[in-house]
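Here the chain labels run A, B, C, D, E and F in written order, and each chain numbers its own residues starting at 1.
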Amino acid sequence: MKKGIHHHQIGEGVDTYLLIKNAKRGIASNGKPFLTLHLSDKTGEIEAKLWGISPEDEATFLSGTVSHIQGEVQDFRGMRQLKIKAIRPTSSMDQVKPDDFLPSAPRNKDEMLEEVTQYIFDMQNAKIQRITRHLFKKHQKAFSVSPAATKNHHEFVSGLLYHVVSMLQLAKNISSLYPTLDKDLLYAGVILHDMAKVKELSGPMATQYTIEGKLLGHITIMVNEIEEAANELGIEGEEVLVLQHLVLSHHSKGEWGSPKPPLIREAEMLHMIDNIDAKMNMLDRTLDRVLPGEFSERVFAMDNRSFYKPTFHEKPIDL
Amino acid sequence: MKKGIHHHQIGEGVDTYLLIKNAKRGIASNGKPFLTLHLSDKTGEIEAKLWGISPEDEATFLSGTVSHIQGEVQDFRGMRQLKIKAIRPTSSMDQVKPDDFLPSAPRNKDEMLEEVTQYIFDMQNAKIQRITRHLFKKHQKAFSVSPAATKNHHEFVSGLLYHVVSMLQLAKNISSLYPTLDKDLLYAGVILHDMAKVKELSGPMATQYTIEGKLLGHITIMVNEIEEAANELGIEGEEVLVLQHLVLSHHSKGEWGSPKPPLIREAEMLHMIDNIDAKMNMLDRTLDRVLPGEFSERVFAMDNRSFYKPTFHEKPIDL
Amino acid sequence: MKKGIHHHQIGEGVDTYLLIKNAKRGIASNGKPFLTLHLSDKTGEIEAKLWGISPEDEATFLSGTVSHIQGEVQDFRGMRQLKIKAIRPTSSMDQVKPDDFLPSAPRNKDEMLEEVTQYIFDMQNAKIQRITRHLFKKHQKAFSVSPAATKNHHEFVSGLLYHVVSMLQLAKNISSLYPTLDKDLLYAGVILHDMAKVKELSGPMATQYTIEGKLLGHITIMVNEIEEAANELGIEGEEVLVLQHLVLSHHSKGEWGSPKPPLIREAEMLHMIDNIDAKMNMLDRTLDRVLPGEFSERVFAMDNRSFYKPTFHEKPIDL
Amino acid sequence: MKKGIHHHQIGEGVDTYLLIKNAKRGIASNGKPFLTLHLSDKTGEIEAKLWGISPEDEATFLSGTVSHIQGEVQDFRGMRQLKIKAIRPTSSMDQVKPDDFLPSAPRNKDEMLEEVTQYIFDMQNAKIQRITRHLFKKHQKAFSVSPAATKNHHEFVSGLLYHVVSMLQLAKNISSLYPTLDKDLLYAGVILHDMAKVKELSGPMATQYTIEGKLLGHITIMVNEIEEAANELGIEGEEVLVLQHLVLSHHSKGEWGSPKPPLIREAEMLHMIDNIDAKMNMLDRTLDRVLPGEFSERVFAMDNRSFYKPTFHEKPIDL
Amino acid sequence: MKKGIHHHQIGEGVDTYLLIKNAKRGIASNGKPFLTLHLSDKTGEIEAKLWGISPEDEATFLSGTVSHIQGEVQDFRGMRQLKIKAIRPTSSMDQVKPDDFLPSAPRNKDEMLEEVTQYIFDMQNAKIQRITRHLFKKHQKAFSVSPAATKNHHEFVSGLLYHVVSMLQLAKNISSLYPTLDKDLLYAGVILHDMAKVKELSGPMATQYTIEGKLLGHITIMVNEIEEAANELGIEGEEVLVLQHLVLSHHSKGEWGSPKPPLIREAEMLHMIDNIDAKMNMLDRTLDRVLPGEFSERVFAMDNRSFYKPTFHEKPIDL
Amino acid sequence: MKKGIHHHQIGEGVDTYLLIKNAKRGIASNGKPFLTLHLSDKTGEIEAKLWGISPEDEATFLSGTVSHIQGEVQDFRGMRQLKIKAIRPTSSMDQVKPDDFLPSAPRNKDEMLEEVTQYIFDMQNAKIQRITRHLFKKHQKAFSVSPAATKNHHEFVSGLLYHVVSMLQLAKNISSLYPTLDKDLLYAGVILHDMAKVKELSGPMATQYTIEGKLLGHITIMVNEIEEAANELGIEGEEVLVLQHLVLSHHSKGEWGSPKPPLIREAEMLHMIDNIDAKMNMLDRTLDRVLPGEFSERVFAMDNRSFYKPTFHEKPIDL
């Protein structure tokens, strides 16, 4: 079996099928049009330039299609880039389909949905349980495939669900150490905190922000949704307000998008758990390709740091 | 007619009825209990200390009661303070009632409500008009007496309504100069932007933040209310989203409580109009007592500046 | 009549005369020289690149000359750019002159000067009036054509005058609502606040900062000018100091160039009026080309925001 | 058994023995001397003032002695304070000793030392294990009783050890979820990160910063210690450098005392684990006394927030 | 000869004449009036409280008079304070006069003026020399006694002159090491940079900011003065502009009061020299009283740091 | 003798030998490989691009070799760049060697070492002297050729030594003016403060950060070295701690890399002296090429300012 695109080192040759996730036209400094392609397979993504294109090329290499590409991975200002030597579009003869080339979560979608369901099932507080279940059911379909972001972390099919399940496991482990934490509240906070990403983002393919996402954002949308759910279910009581506060405050600071900071124990913990899972996801993907004794690419979302892999750490697995 | 408490200079004697808006017990550095009183009449407020109190005093000088007080206005670290020389509680014989001693807006409440109604009546866009009217009617009673804040600006009975009417006049004048502004949107934004202060604050007497106010804040509450209003009225379309955005962004920056900055022309203008009216209210009240050629008390909410009244400006009116 | 360059959408063809406001030589990444051209007509400006130029081209396409250009408007990293397909210099045969291609204020210069004169005429305080009139007369010629800035807002012929007249109208409207404002002081502040831009900037064509502008700045230069004017006119009294303070503080904060923050009521209002007019000018020009339902280019001077035009707003006029 | 001082509500009477952890002389605003006492028992600490003291009082109520005190818990500017009604020194007749009144960790010291030893025993990497064990042995005595800070969190006898053990448990749980983490490195980082607090702080009674603590700080001292340990043990290799980096970067940012940010996966995780345990400790102690439906005192070290205990949460245990 | 007030340690008795530099009435927390006195002799200043004063006391212990005081130096929240045990006003019999009790520069005024004159005399550039000499002559009288500030550094009689002479010596030494520096420009910058303090401050006794000082500040006033001087002397040329820039930029950043940062080599050096002399003055005065092995009071103007005097450094001289 | 590369103006031709300090491969926007060369001679450095290279070119124009180059100095976005017209490698026939083309300090290395030795010889405090001498001897060889940085200032052979000697002269001059300064401490601080750059940087040719440099930094490494030196020499006493503090705090603020701010008089002065010498070095090199009446390139490390050379200043020397 072939090695995925994510695992190619600088200097390695590439001869494989890749999905064009996104194709954008530009004008080179010599005045000629070119395409910037975001190419992917299951394992990840890489950027490439297609220079000196004809109008036919533009009409052929469209977002959402699969091409066969030969080339070489190169270094461009500290980032990997694929230099294309040959490219051809695919036909039915090639027997490839776009969905097989989208990066997606490393776990099975239905298994993860089942796991979330179990956490909801175990809740003791009926109000929290009913609101969470209601919203989970309402958005389940989009929720099960949505990425958690357009870039930075969990930006793949089912990324949101994978992020939530990892956070639930963290929540379970940590609340076993700090018994004052209200597990129901914390689990509900985890399940709901990013749920409105299904409205803020346009879905798993060519993900971008919706108008509602830009003008309101997923935090405000979700607070609305909780209000509406409580109304529909006829639920009153402070649980509604507190769940809204958990969602509202999970980015922790005004300048990061939360109009109120966490003012409840579980709200503070929700923010810290979110942080851990996002950062571990970024670090794992960044250090995956780095050899022991070397520094990684810069990670913009982590203060632009370049991370080091100690010489006494394992080499990356050669797939 | 007697001069109001707001207009007393340092060194002037006081011999009048005053409402105890707020009484708070403390322990002096000699170990004895004392009361910190916030005293007010129609014209404003002043702080006073009642030293060496007995348990009976504590039971007598309660928040919400009117007392007769003799004393002198003094300077305490650059702020005015009333030194009490004699104080007695009032009885029915005194023929005074608390409501007559609360500072309130300089304009008639019903007249102002009428003026807002007229602005709504003039709107062209039916969706914007119906949502605004619906919410105005729903909260009209509390809206008509609520202060706009607990301190800093418009912190008096009907302060919120007075602030809104002043902003509507500004909006009308300014939109006559910049014809690209959508008047309907701007007026609706003005009327709705702070409306949820009726839920965030506890009302005009002894005003404080509610739990909902502290955990969600008036901006988020109001965005919820617009959603609910649109649902109840069966209104769809981008107007709902845009009105929510105007409310959401009116504090302009994340660190000031707006999770999204203004991204629509009228949202930017709403923020600037809000700013002008709040600052002019603070400046007028601050400079009111200042003599030409002197500097004012420091104004905390305006970067702690101390403002100067030029010698060629009018003296304050001696009431 | 032909549509101006400001109104061309991405993808539209161009076949017209344009002024080369500025031509700058650069070296492309293939090592060959090219020109970056800022092209304009009355309606606005667009950037273009002229690739692979010869020494003759360099000597031909000079700043301040008019060329005939064929090409297409394209998108370059979210900004509009004109792709030149054919360009030729003009001769006397073309009957075009540079001045007709400079963007300028939408109102008649003399009419605006007249309007400023009227505001000065109406002042009650003789000292303020005399200083303002003296400086207005002294700089009238340059003042009537100067742009208000090299970029961002009012960066066109008579932009400074247009900005001042708009602010005077705002000042008039707002001071009718807040009667504590001293109209004389506010009007004088508006007229004088940016007047030293005539010394800070090099004039309407190929505008750049002068050495004096870079080492002292228009604020300090203008404070000097007021001092000098008062000396020449033999005027003493606090009005001189207060006018200097208004100019000195109109950028509001040290990090924005004002060594003192506004400490006088009218100084605070001057800053807010300046802000409103600058932002409305930027917003109008930015949203002018945007279709309903779309986001604008990013506006650097407004925190790099991209603004939205609601779907229920008018389409831009098709000229 | 009597309720501890930590659990007294505002208004409750006190009649008990308390340790004077710290006694500081001051001059009241009436010119008379007084003592500010920090009083404690096993459960916590409270401040009190002793007014109008004589020279004998000063010589009697010394730091480190136990007194018998009657009084009442009162509110002073939002903080609890004990109003002393009667106080007498104790003699051998009272059969009390200071050590029994120092707040200390809720777990047995030797049990915790044993637990740390087990974590060291389980390490696979011999270099990491030897350095950690060496330093743990070297400082074990002071380490076992040192507080983790002078205030804010874990500021009690064995607070440092308790903090380290909690973090080890967190590290174990979290690394079971993220298998890319190097457990040896993470455990060693946890054990060593604050170890130099034994040199930075003066010990568990009347804790203050040493001169070395003020001029170098525990981070720099510990990096030195690791260097020295490696030299003494004759250990070479990148493990030494990486352990130093973990200690050096555990405050995460320059302005928080770390000259380098975390640049290794385990360094980032160490910082996050430290953060979780410190914050949970502060939250637990703060919310311990708060009744459901009320807000806590402000917590300075957590951005001065005041936290809310939901009405549907358990009441605090009445001891 | 008696030891000056600056050199008294905590706990030492005082029995001496002191000048009341400033007397301010306040109300104690027991409701009684008291005086806050700033007392000084040649060596420095100390604060004291006079409790429970009568109206006669108020009329007796006025600013600008000398009293005979017995008391003790005490610690008040980390600052020294004089506890007054006995105080009496002085009469002609005491043969003391206020001027002898004002702290002043450690060097002779006329000698220092002579030294400045010599630096001016040595200048090569006639334009710079003439402007500097003109302004030095014009303000010489006030300049020779003015403090350099109201607090923080050089806040004593002739403090400004002493600061300037020290900076001239620094300038001379440093420019001998960096020959690219223009000595004339640097010396002129030193002499002029703070000269307008003579207008910004009210003089050496009870120093406070003037209205002009508050509304314009010494930087802007001095730039005006240079302009005026050049006009009067008929001097043209870039020297005038450059001298204005040096004064304008000497605080280095907008938020510190300089609308332009240093853009000329000598402007940058001027800022650094100013910084060195101000900080050394603060450090010397702060560490003067500190014993080896101890930390100083906090120095607000130096980021609130508390400085350490090493044990191997000399003890302060016992006068 | 030929003019060095540092002194060529924009537009001047070049025909000379140059060292390739650094050659880096890139991909141009037309897809072809190119080399970015950093070329130097004794006087300085210039960047150049070699377009459209063959594999042979890559193998020929290696870092550390000398080539003969013809070309022209051009302006690229405000920075100088060398446009290469012809390039050929050198052979033994050319009689050139790389070392002769490295920019280096303007003073003789051995003379400077001698000067440092003299400062150490003159120290009075034996502990300070012995530690300083020990470390100076230990690192003398690398210390004598190391640059002080990879860019910004003193980035040439022996740059560190040159920087230290300049600072010693400053320290001597300044401490003659402020007699409270401990000369021994200050000199030792100067000599040691950046000494660990010999471990943080990889040496004078193709200078880059080492792993130790990235993970610990020269400040922490040097504090370790002082500890070790004191141990080896058997020196105890506060001098060791204080020297460590001087090194630790010399960047002054946490965000600039110092975990403790200067808390000792000499530490504050060390920071200021370091600042002066670094800035004068940057200014001299920047203004060296600037003609009177013009502004320099922007200096990134000095807040990105562009500096002005007055018209009345000398022209740069034409070598």
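Basically, a residue touches a chain if its C-beta (ideal position, glycine included) is under 8 Å from a C-beta of that chain, and two chains touch if they have at least 3 such contacts.
As the structure is a computational prediction, the values presented were derived from the model and not from experiment.
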Contacts common to chain C and chain E (chain labels): B, F
Length of the shortest touching-chain route, chain D through to chain F: 1
Maximum centroid distance from chain C, chain identifier (CA atoms): D
Between chain A and chain D, centroid-to-centroid distance (C-alpha), Å: 39
Distance from the mean Cα position of chain F to that of chain C, given in whole angstrom: 44
Approximate Å spacing (C-alpha centroids) for the pair chain C, chain D: 60
Set of chain D residues in contact with two or more other chains: 29-30, 211, 214-215, 238, 242, 263-264, 295, 308
Pairs of chains, among all present, that meet the touch criterion: A-B, A-C, A-D, A-F, B-C, B-D, B-E, C-E, C-F, D-E, D-F, E-F
Residues of chain D that touch chain F when the two form their complex: 211-212, 214-217, 219-220, 223-224, 227-228, 231, 238, 241-242, 244-245, 248, 253-260, 263-264
Contact footprint of chain A on chain F as seen in their complex: 26-27, 29-31, 211, 214-215
Chain E partner contacts - residues on chain B that touch it in the complex: 28-30, 34, 49, 51-52, 74, 76, 81, 83, 293, 295, 308
In the complex, chain B residues that touch chain C: 125, 166, 169-170, 173-174, 176-178, 180, 182, 185, 237-239, 242, 261-265, 268-269, 272, 275-276, 279-280, 283-284, 287, 295, 302-303, 305-313
